[in-house]
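First chain A sits with chain B, and in the next complex the same chain sits with chain C.
Showing the complex of A and B:
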């Protein structure tokens, strides 16, 4: 029974972390693949969603589901505003990925400072009321229904994202821009509109990741940095601009962290996947799923 | 009769100008470098909240004014040293105080010892802050290795030969607690298994909670950092570890609230708690006023920062020169024999600046929105060097 317990908990943890990593990395890679923005602020956006959820659910007393929908929904106008004020100004700048990287570092610092002076006081108290009460036994392993609901929702969101990118005309247009923006333009795709859509969609997916994470775990302000590094590592290994790569490598990262954590130590787990990243990049510098 | 009046008149004549002179003197500046932002800000802001209450009564008429200059160290040792240097050179403070993190306190410790600035640490527990040879640093909070020692004493009393699972984050504070626990557990015939160390920034303990459940320990000692403490606790409870088995080495009011109603029955260590009968009348007033303003109870962090200002007041009152001369301040502080106004616990420093140490272990009875109920189940005190604290943790 103990072995089975540890095994199932490892699998569950791998899946839970994998889904959240995948969502955030998919968001990052959608933005990079489309507008070439290596968004270093993704961790802060992720944290912003989690903090906003905490405020809405705990301080304002909204039902957690309503709060979650509100936060994820609010990411759309917030992203549109940011796109209009800052992001679009660089669309035609040569080597804009460098400009974007510097810009996103600036956003990171500003948000980190803001969170620190506003939310820092409560940094040991970020817990969201459960989505659902009770527990479910997966074999001998008891899982809170709230975490289970977060996992199922995360899987559903990833499936929806795939469906959107594969079957919807806007999704196909995004993929076309990923592959060749000039050819896409010639085929009638409004590239600048797709840039905008990608930025909004990418941030929406990152926000969803932050919300699900907050339902699954207590968190503090430091989560933004670890998530930012993880999402970047996943994007680079998966191949920048590859959503399939982001999801596949995100799941691998989640399971790697869970397995190494269980059978070596949590300390080894934190750098094991970064070590794996270096090895993979040595063998395939363009990433596993690069186009 | 006439003699009495004359003597009283002379006495008044002698005292009044002095007190008036004291009040007229330039205020005594104390640098308060603490964690107002950054990962440890929940401690720093709690500390400042306690200090704020003390400041209201810190400067009664006729006494030399004491002024705290607060600076945020952002929970960064480099910032802490920069702030200490600035306060020393620019503001010419008489003493430094404020840190609630062992990492920032250690950084200021080096500066204070090297530059001979008295340094009164309110809430930082890493043993090396009062290592042998320390001259200018004084610590109010018991050292963390001692907390570990006390946990082993408590568990050995509850269940001789017990097995303890130890889960801790990899911060200086937690390493020190674990070192003390492991040292004393071996001496008491307790078994530590498993010991799980989480690196800084950890976010998940699901697998480790299952491993602990599988190991079936008698107690689980949980020392997580910040929000991760809640994660570990919740995940242990999720997998079915009974709250009565969970021991937190320290518990602030915000932590107890974070552990929630599910944690009723679990245990935590503290040095000051609203549920203690030993709280003095002033301590009770502090608790009531704090609760009214902050909608929560104060705990040991707020208390130690409240007491910090009391100690500085007593030093300045004991020797008026202490307000102008750092060496006098240091010597007066070193010789101080007093009691915490809030709890009656003695304040007396040994040759290294450490106090006679103590801890209460409380068991949670109920957790509400503003208050929580807990009862003391074990109290102990010890000499700071009852175990080789300065060798255990470097």
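Showing the complex of A and C:
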């Protein structure tokens, strides 16, 4: 039954891409919602995690799981360092989102330049050794266990993120800052500490997205820019600062990409994202899931 | 008008002398003369960006896209048999109108949302350059663009450099006249606080729209000259990095000052050529400069805004900030 095969394969790809898009967009929106930093470098951070995983797993020969944990763990001190050096200088600046946007475009350019003289020279295409061997059949459709594991991990991470934001006291403090930083501060929330925490958490989620993507697909350096644009489009459509919006729209984008790629070129998918983003910007700049 | 020219007369005179002397001094070495010509071309672009970013407070990341539309249009018209001097005004006007058409809805947005919207539009334009292969020859680009005709012969070498010098001087005179006119002062009012400007009876969107048309015209004229001067255009010639670099030249020199854009251009435009051997490091250096300007030099070298610019900001009104915080 080829139609059934196409259907299941499209569904699976949509789910896989949707989970990754949701993770990255959630990370971007957490950072924008708290410190108003529209991080255009999110695609480069995503790629950095994927490339670091490749280095750890292929060049150093670490076990893929160890390498993944190492990369995701290393994003924390890296984020803290960046926060210390650059990000915190703007916490009290009015209209800082424009400054942050330009700053992140600068970071994008630096990382893109560094990648092209290092990884770009070493290889065209990057592939991570599988997490585990074997294949599972979803009906007639064969899926490598490795990709299945990436999907399950991604869903678990999204669930954990929701639980953290909903029930844990830090998550509740983050959401309080999203809603009204002055009131949160009056209620005893240390707003600056929450800014720092959100920056670390957001980048951690983006890095996790990059790691999962690297396990699921082979990739090249061009993935960064399309990821940046996609994550921005998801954030704007879902409503900046809304994690629910990021996940809902992220899933829609994942399925859209899977369906469009099955019938037309990926450029068409990109055109449609950008078109949707422009429409939302013009009609309802606060997004669909505005809080 | 005469007041404006008197106020900036000395500066314009010095700039004109320098602009015309540059090609003549460098005439011995074609490579350096070419770099000088590219810098003069960039003065046209930074003059337009200075008007938009420095005075109107807009950060249009689709600037390069508009220049690219004009360049492709000029090349297309020349290929269809028109002379460059006919193609130039048509292509420039067409690109500026397309720019306004694309920017029209975005101009209602403020600050970051406008900038993001312009980034999306730039990305769409770049994708379109790649996608419509029969018009643009896709990623390969169009090479061997013929030089314009000039008094019977082809315009090239020092002659073309001097034409570009004239263009750069003309762009600066135009910038001075616009900025010192009541229109320029209205733009500054809009930049500083658009709600207050609205209350004073200024039609904010209309001022922005007019500024955007004029700024796009600068971009488009530069783009139309770029094509025959360099002799090659591709989607990468007019990608978002060019917009960012032109912005950087204005911000680095000093936003909201007449001569800051020129200082920034003179310092930064030749950089990619001088770094030819380290070509790939260019991106890293530009990135570091962008961060340096934002963090350390928010007013630029000439520091035009002085104490008023706290830290590389000011494209939004306090009113919007209040609304956003609410």
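Quick note on the criterion: the second predicted complex is superposed on the first by the 277 of 291 C-alpha atoms of A that agree within 3 Å, B and C clash if a C-alpha of one lies under 4 Å from a C-alpha of the other, contacts with A are read in each partner's own complex, and residues count from 1 in each chain.
One rule holds in what follows: contacts are C-beta pairs under 8 Å (C-beta built on N, C-alpha and C of every residue); 3 or more make two chains touch, one makes a residue touch a chain.
Fair warning: this is a prediction, and the values are worked out from it, not measured in the lab.
Engineer: Scan A:144 for contacts with chain B and chain C and give back first, second, both or neither.
Structural biologist: In the superposition, A:144 contacts chain B only.
Engineer: Examine A:38 and indicate which partner it touches, taking first as chain B and second as chain C; both and neither are also allowed.
Structural biologist: A:38: touches chain C, not chain B.
Engineer: Looking at A:232 after the superposition, I want to know if it touches chain B, chain C, both of them or none. Which is it: first, second, both, neither?
Structural biologist: Second partner only.
Engineer: Examine A:223 and indicate which partner it touches, taking first as chain B and second as chain C; both and neither are also allowed.
Structural biologist: first
Engineer: Quick check on the superposed pair: does A:281 touch chain B, chain C, both, or neither? Answer first, second, both or neither.
Structural biologist: Touch status of A:281: second partner only.
Engineer: In the superposed arrangement, does A:94 touch chain B (first), chain C (second), both or neither?
Structural biologist: Only chain C is touched by A:94; chain B is not.
Engineer: Just checking: does A:114 make contact with chain B only, chain C only, both, or neither of them? Give me first, second, both or neither.
Structural biologist: Second partner only.
Engineer: For A:198, is the partner it touches chain B (first), chain C (second), both, or none of the two (neither)?
Structural biologist: A:198 contacts neither chain B nor chain C.
Engineer: Can A:103 be said to touch chain B (first), chain C (second), both, or neither?
Structural biologist: It touches chain C, and chain B stays clear.
Engineer: Let me check the overlay on chain A: which residues of chain A are in contact with chain B and also with chain C?
Structural biologist: Looking at chain A, the two contact sets intersect at 113, 116-117, 267, 270.
Engineer: Could you pull out which chain B residues touch chain A in their complex?
Structural biologist: My answer: residues 36-39, 41-42, 45, 74, 170, 196-211, 213-215, 226-231, 234, 238-240, 252, 254-255, 257-258, 260.
Engineer: Quick one: which bits of chain C touch chain A in the complex? Just the residue numbers, please.
Structural biologist: 59, 105-106, 108-109, 111-113, 115-117, 119-121, 123-124, 127, 130-131, 241, 244, 247, 280-284, 286-291, 294-295, 310-316, 318, 321, 325
Engineer: For a test of understanding, state which residues of chain A touch chain B in their complex under the given definition.
Structural biologist: Touch residues, chain A against chain B: 1-3, 5-6, 8-10, 12-13, 16-17, 113, 116-117, 120-127, 135, 141-144, 147, 213, 217-223, 225-226, 257-258, 261-262, 265-267, 270.
Engineer: In the complex, go through chain A and note every residue touching chain C.
Structural biologist: 38, 40, 86, 89-90, 93-99, 101-103, 105-114, 116-117, 180-182, 229, 232-233, 236, 267, 270-271, 274, 277-278, 281-282, 285
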